[in-house]
């Protein structure tokens, strides 16, 4: 069993910064936790509704845009549709930091693969890499993904769970609002839908999540992936929750706030001549 | 090669930021996410000239059905298949490792690998990592050496050859039915009917099994897949 | 109230204006509710000429992270002979925090700066490195909930540097009045294309 290595000196610490996770704070945090009665810090979670459908030769993904931090709405219009490759996108639910960094890492892996092989990445490659990574972390990396793409073998839609299990499905939903979204998809999905009808269906499913699940809210983002164009994100495809009012009061008069001290630093641009010496 | 779990960060090393059973929030980011499991019914039986495998299609996360049409019978080689129960992630990972090693082995061998080899690979993986895995497997298939065979690999990683086996949460409801109705040397049709009936009975009693009944008949010459939809199950309740 | 994020208390808010951006923080350094150590703790740090980072959370980690940032910024300038743009700083902080995903620093940074075209850039992070950007305002610290409330109603688009200062300070002061862990004076930095205005606020001392 691999033990966490204890840094012995400054160089070890620097060495440990060369990539991968760093566990240097673990011992300290455990100590702090034992000293202070701990309430866990709340990381951002996307209590989310995401869904995806696979049609004849197109895959459509959709997501809501609320990210929460405990009961607080941390971001009213965040992006939950992530770019992985031109022809592969994914929608994520779970721990926001994990989703952001996992998908970014996958994006760079796929770009490197594309450059190394000179071919378009395939959906199954992405799925396998993601699932083996998530399995390795045994559910501690909290990524629940709906992954869709179109490659040489056609359109594919997968769902990937945090522990690394995968399912290939014609339509799926995930996140806290998945039950609401699934109800809509189960009732109205049909593989012969047109792209326009498909977009409407996923938006309707997400709307069901937005209005019925407290963890989901704000707007609907849609991503259409076709064979010819690749993926296009339709940011804020629907905005069913625009702000209804904004107070029309005047700005605070200058000098409202009492100050004790003021410092002004002028920024000047320094042009330095480059002198070539031999 | 078998200690793939060693790459995983050690569980105890993670800082626990919350006491167990903390009512304040269920979404502690330092804790692992809830597992997806195949609360399952798997039924496999030998007949004259091959084996029949049968499984329901429900995958659940707690109360929610994550996939109502999943495939729990996975291909390992041309004539070797495995029925998976327990954690979906663990069994899928296990299967893909065996798929990989058995594929390599078959290339080196230059002919079809035996069911025995496949089952042994599964056993080694399941046994060596038994503290970390939640996997109940039934490996079945056909080879020229011993014909149709079934190997059951339950939770701890034991490997036993059996003429018929049932596994998963639904298996408890039908063990008696199987003991009463299984006969060695059934015909293919008889055996298929028996196995499908057993699975359907389990589905009707077990809450975490459900959906359809997928079946697979493996003989010397071919592999036949069939499915009975959830509203056409061979039980009248 | 117990927990590492609430141990020292902090209120940080940053807002965008027309070609200017401002960041404000309180100055209390306390230990839970019972003890106030000082009222001039630094919680906002200048990382480049036109970019500030505010660090809320556990004081020891605020200092460690600010030093780490300083180190990274200097190393970058030495290697690349150029300044980091705010967007880049944001991404760097995100990966710095996520590297410690399983043994985190208990601090939630806020980045406020002007980019090359003098456009405001604002973003905030959770303590494990989830970056979220905003066009209007970002908040962080124990006072986050109160700050969200006041900013939602007082922020308006297109503020000049003086309006921005007033709005920012009023939001900070009114929010901190409802947080017993933060307050005791405040400091506001307004970043404009040609100057940085730093003002110390006269706040309630209770």
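Going by the order they are written in, the chains are A, B and C; count residues from 1 in each one.
Methods note: a contact is a pair of C-beta atoms (placed from the backbone, for glycine too) under 8 Å apart; a residue touches a chain by one contact, two chains touch by 3 or more.
The chain list, named the UniProt way, goes like this: A, B = proteasome endopeptidase complex; C = Proteasome subunit beta type-3.
Treat the numbers as computed from the prediction; the structure is a model and nothing was measured.
K.L.:
Kindly indicate the chain pair that has more C-beta pairs in contact than all others.
P.N.:
A-C
K.L.:
Measuring from CA centroids, which chain ends up nearest the centre of the complete protein set?
P.N.:
Taking the mean of C-alpha atoms per chain, the most central one is A.
K.L.:
Using each chain's Cα centroid, which is most distant from the centroid of chain B?
P.N.:
C
K.L.:
Taking each chain's centre as its mean C-alpha position, how far apart are chain A and chain C in Å?
P.N.:
Each chain reduced to its C-alpha mean, chain A and chain C end up 24 Å apart.
K.L.:
Round to the nearest whole Å and give the separation of the Cα centres of chain B and chain C.
P.N.:
Between these chains, centre-to-centre, one finds 53 Å.
K.L.:
Centroid from C-alpha atoms only, then distance chain A to chain B, rounded to Å. What do you get?
P.N.:
So the centre of chain A lies 33 Å away from the centre of chain B.
K.L.:
Would you mind listing the residues of chain B that make contact with two or more other chains?
P.N.:
9, 13-15, 29-30
K.L.:
Mind pulling the residue numbers of chain A that touch at least two other chains?
P.N.:
In chain A, 21, 23, 26, 29, 38-43, 95, 97-98, 140 touch at least two other chains.
K.L.:
Scan chain C for residues touching two or more other chains and write them down.
P.N.:
Touching at least two other chains: 102-103, 128.
K.L.:
What does chain A use to touch chain B in their complex?
P.N.:
1-4, 21, 23, 26, 29-30, 33, 38-43, 45, 47, 70, 94-95, 97-98, 128, 131-132, 134-140, 142, 144, 159, 161-167, 169, 172, 178-179
K.L.:
Residue numbers of chain A touching chain C in their complex, please.
P.N.:
17, 20-26, 28-29, 32, 36-44, 67, 69, 72-75, 78, 95-98, 100-101, 140-141, 246-247, 251-267
K.L.:
Can you tell me which positions in chain B touch chain A when the two form their complex?
P.N.:
Where chain B meets chain A, its residues are 6-11, 13-18, 22, 24-25, 27-36, 59, 61, 64, 66-67, 69-70, 87-90, 92-93, 96, 132.
K.L.:
Which residues of chain C touch chain A once you look at their complex with the stated criterion?
P.N.:
Where chain C meets chain A, its residues are 2-7, 49-50, 94-95, 97-106, 126-132, 134, 144-145, 148, 153-154, 156, 159, 162-163, 165-167, 169-170, 173, 185, 193-202.
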